[in-house]
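Structures are listed in the sections that come next.
You will see chain A twice below: alongside chain B first, and alongside chain C after that.
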Partner chain A sequence: MTARLSMRTRRSPVRIKSPFNVLIGVLSVCAGIALWQYAASELTSSLLFPGPVKVAKALSSRSGLDLIGALGTTLKRVALGFALGSAVGATTGILAGNVKWLRTLVEPYVHFLRSIATLAWAGPALIWFGIGNITTEFLIFYSTVFIVLLNSIVGVTSIDEQRIQMARSFGATRLDVFLQIVLPGSFGYVLSGMRLAMSFSVATAISAEMLFGTNGVGYVIYESRLYFNFETIFAGLVILGVTGLVLDKIFTGVQFGLFARYRQGR
Partner chain B sequence: MTRAHATPLHIAPAVGCMGKAPNAEYIALKDVTFSYPGQHPVLTDFNLTVARGELLVIVGESGCGKTTALNLIAGFESAQKGTVSIDGEPITGPGPDRIVVFQGDRSLLGWLTALHNIEFGLKLAGMSRQESRRRALEMLDRVGLAGQGDKYPHELSGGMKQRIQLARALVSLQRVLLMDEPFAAVDALTRTTLQDQLLSLLANADATVVFITHDIAEAVTLADRVIVMRRGAVRHTLEVELPRPRTRGSAEFASFYDKVERALRQP
Partner chain C sequence: MTTSRSHATIGILRKLRRVAITVVAFALSLVGLCFAWSLAAISFDAQNLFPGPLASLARFGELMANGELLIASLYSLMRIFVGFAIGCALGVIAGSLMGMSRIVRAALAPYIHFIRFIPPVAWFAPVLLWVGAGEAGKIILIIDTTVFIVAINTMLGVHAINVDKIRMALAMGATRAQLFLRIILPGAAAYIFTGMRLAMGNSFATIVAAELLASTSGLGFMITNAQNLLEVPTMFAAILMLGILGYISDVVLESLVRRFGGRYLLESKGG
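Then we have the complex of A and B:
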């Protein structure tokens, strides 16, 4: 029988790329930087569109340090609003997924509220909560909660009926079914929702900082325009791009590595 | 009722050994009418009895009501009219005395290893960690998957997944095993292996089995009795008097195969 057991035994969730693909990736990044440098020095005024060399210099200077510090402030903000939004979204979503009438009650509001651009709430929120962290946290929370909530509902409702029947046939109570089938069965969907929500919540934090912030990366970038400090602006943009990339990589690692067994459809 | 030559299965002592119902009517569906909401009845005044220790195979075209009959015995559905009982007791819902083996592999839990999937029923029954682990490992070995216990379902082939499902059912088996086309999705060769494995695992076990299939050869291989269903009623009952172990290529096997096929084709 062992002859038939040699199928997919690879456990590693991280795809090992072939050397050829690694080469293409590296070349692509190098070419992009070269093109950027060319565009900055030859095609436009390098004052208004700084090239990678200038941006790198800015990053390694004082303003680079400031930006890193500001990034810390922004991420702390994001962490709190995102965590709260995820917790509330997942809890409500899992409950609503289980209880039909609750779902019917909640869904129209969720679809209505999530259709409103988060920043459109900045006005009332500023008046309610004042200029400061609470308003930003509220907006980050808002941009997270509905996505996680909707994904959690889908996670619960897409659980295969056969799994519930199976558990019940082994004598599972409703609580057993909830704890052993529904929770683990919807976890993958909750994670997908959170991953999606994370990029939204960072974007919301940056926008809020630009609109009425007093610190954070968004604030630094927006302030720098007043001084025509294009190097800092572009350094900030690079930091945002890299941060988004890294955060998503970390989350993907958690989602498909650590929690691979909860992946949707498994 | 010994079905094959193999060591006996560890089986929980059956509850209610001194059954109130006659052994010939261990499982009984009497004058059962069942319909899904807003649809024509799937079963109308349907009658079926399964003897204790019997391996009953139900064949019939899609939509004939065989899965509904099984779901009624499992307790997943309840009849609008008539009674469904086991050992004289009415069936009110699903329970561990009637373990179900499902079609396909969707009922295996993707977040549990093969071994933990097998242990699922034992843990629900409150068995200790060590004991359930020990029994699951033993059963894993008996279905021929020793050493594969730490794999997750998606890492296993279709045939292996069905073995895990079989192991999960058999390790918790008390009285009745309900199987709804359990081997339909695996290749023909694996299917016959699984059939032989099922028979040897059931040998000496005091289990009553209801098995649904579309595969006539599977029915002839496994059954003590084959019933043919059509449009919500039992149309034919065929006692399989072939000696065991049955040889799929034998003349008797072929002639009984013909008999079932003709019964299926009859209007």
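Then we have the complex of A and C:
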């Protein structure tokens, strides 16, 4: 029995957004939602597993507004820790990428600290800083900084040596090379690192809120389990998914749209 | 050829010198950091709340010796491995299907690109209510953490296989199974292991979070327990263990990536 070549035979990559694909996607989502509704109403007790209709109702009701408010709190938290972590990570990373001895010095520590799950530090941090925003921001900072740092280092080291040599041969000083070649060239990688770190920082914020928070989406979701309020839980999950998707799209837009000319190669 | 031999020797000596300098520099920095750490610990003068490096290592040794640390690690690792194995299997299957069939990809893409943004820990709330605080819940969480990353990376890997290879195999009369096992899987292996490496890091984070929230065993529970007793040395020991385990698993998976396709490394060219 021979297989048929049902895979793409064109040399060009499959376009994700072609109308056919979009149609399949839409149909698939509709089928999924219908299946969800069926499973929720027929297969299990509707108390344990809310269907899409119930979740939509929860989203548009009072608790939905509360959730949006909680989302604002969570995002504000994330924004602070993320900004700090990205700033420190990017600065250190770009410096380390340029200065060889700094990089050799910093890398083993970064790799080791990165291997430690962020939330493990919640234990000591809670004892040292207490239950409050400092601990949460510390955790969010921790989850961001190493990823951005490593990506920044990669960004600097992956700049084509020939470009630097060309600039030097035109009489550029070290500072010129740094400002005109290294910084723009590594910018894409820094953004890429930030995009990666974004989902981690949101996850860390949610975990922290579940563990010891008093507000925010994580807290609301985890609290709702005490009242078996599945509608709110699922509404919260949907909101988290949408938030993550939107944030990711923002980063992609910035990276490939606004700063598209900083992409190396291609 | 005396000249080439001394060239080679000089090269090796140079490399040795570089390595030696790096090792010495690292050792010095480590000593320096430990020194600063000890000073800070002494100035706080609260061994239980901020232990110095010696106290932390001593506690680590203690907990290793009486087996507590190893047992806790085994619990955490067991949960991770079971969930990881199931998640990777599902992910590779789904990813391969998505990679090979445009329709499957278009159909599954909206789910994957939505659900993967929901932090796995958030699912702990409903999962706790559905299956309780036992092993199943944590394993489900790990499956969720793993499956999407591995699926996406597998799909990318399948797409990256040169279509001529597939044509050649088909021209030689390969069956579907042979095509999949001999061409597609090995070809996508580097991407798959990269995905697994990413997923492993996330799994550690998820399992710690889950154990901190609702567990009676494992490294996360060790930390929570120590928190209630205000025993930071134990926490440091658990954290060190987590770092070691995470580092080892990362190195193992990275070596697998290297073995199957060095150019797909996540690190810089400088290594």
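Keep in mind that, in the parts below, the second predicted complex is superposed on the first by the 247 of 266 C-alpha atoms of A that agree within 3 Å, B and C clash if a C-alpha of one lies under 4 Å from a C-alpha of the other, contacts with A are read in each partner's own complex, and residues count from 1 in each chain.
Everything below uses one rule, namely that contacts are C-beta pairs under 8 Å (C-beta built on N, C-alpha and C of every residue); 3 or more make two chains touch, one makes a residue touch a chain.
None of these values were measured; they are calculated from a predicted model.
Touching more residues of chain A than its counterpart among chain B and chain C is C. Of the two partner chains, chain B is the only one touched by A:M166; chain C is not. In the superposition on chain A, A:G132 makes contact with neither chain B nor chain C. Contacts of A:G257 after superposition: neither chain B nor chain C is touched.
Legend: residue contacts after superposition of the two complexes on their common chain; A:G32 is shown touching chain C, with no touch to chain B.
Once the two complexes are overlaid on the shared chain, A:D176 sits against chain B while remaining clear of chain C.
By the touch criterion defined above, A:P184 reaches chain B but does not reach chain C.
Judged by the touch definition given at the top, the superposed model places A:F234 against chain C, while chain B stays out of reach.
Across the superposed pair, chain B and chain C both touch chain A at residues 1, 4-5, 7-9, 11.
Note for the complex: chain A touches chain B at residues 1, 4-5, 7-9, 11, 160, 162-163, 165-172, 176, 180-181, 184-185, 187, 261-263, 265-266. Across the interface of their complex, chain C is touched by residues 1-9, 11, 13-14, 16, 20-22, 24-25, 27-29, 32, 48, 101, 104-105, 108, 111-124, 126-128, 153-154, 157-158, 199-200, 202-203, 206-207, 210-211, 217-218, 221-222, 224-225, 228, 230, 233-234, 236-237, 240-245, 248 of chain A.
In the complex of the two chains, the chain C residues touching chain A come out as 22, 25-26, 29, 49-50, 100-103, 105-111, 113-126, 128-130, 159, 163, 166-167, 170, 173-176, 179, 201, 204-205, 207-209, 212-213, 219-220, 223-224, 226-227, 230, 232, 235-236, 238-239, 242-247, 250, 267-270.
The touching residues of chain B, counted against chain A in their complex, run 74-76, 93-96, 98-100, 102, 104, 106-107, 109-112, 120-121, 124-125, 144-145, 148, 151-157, 159-160, 172.
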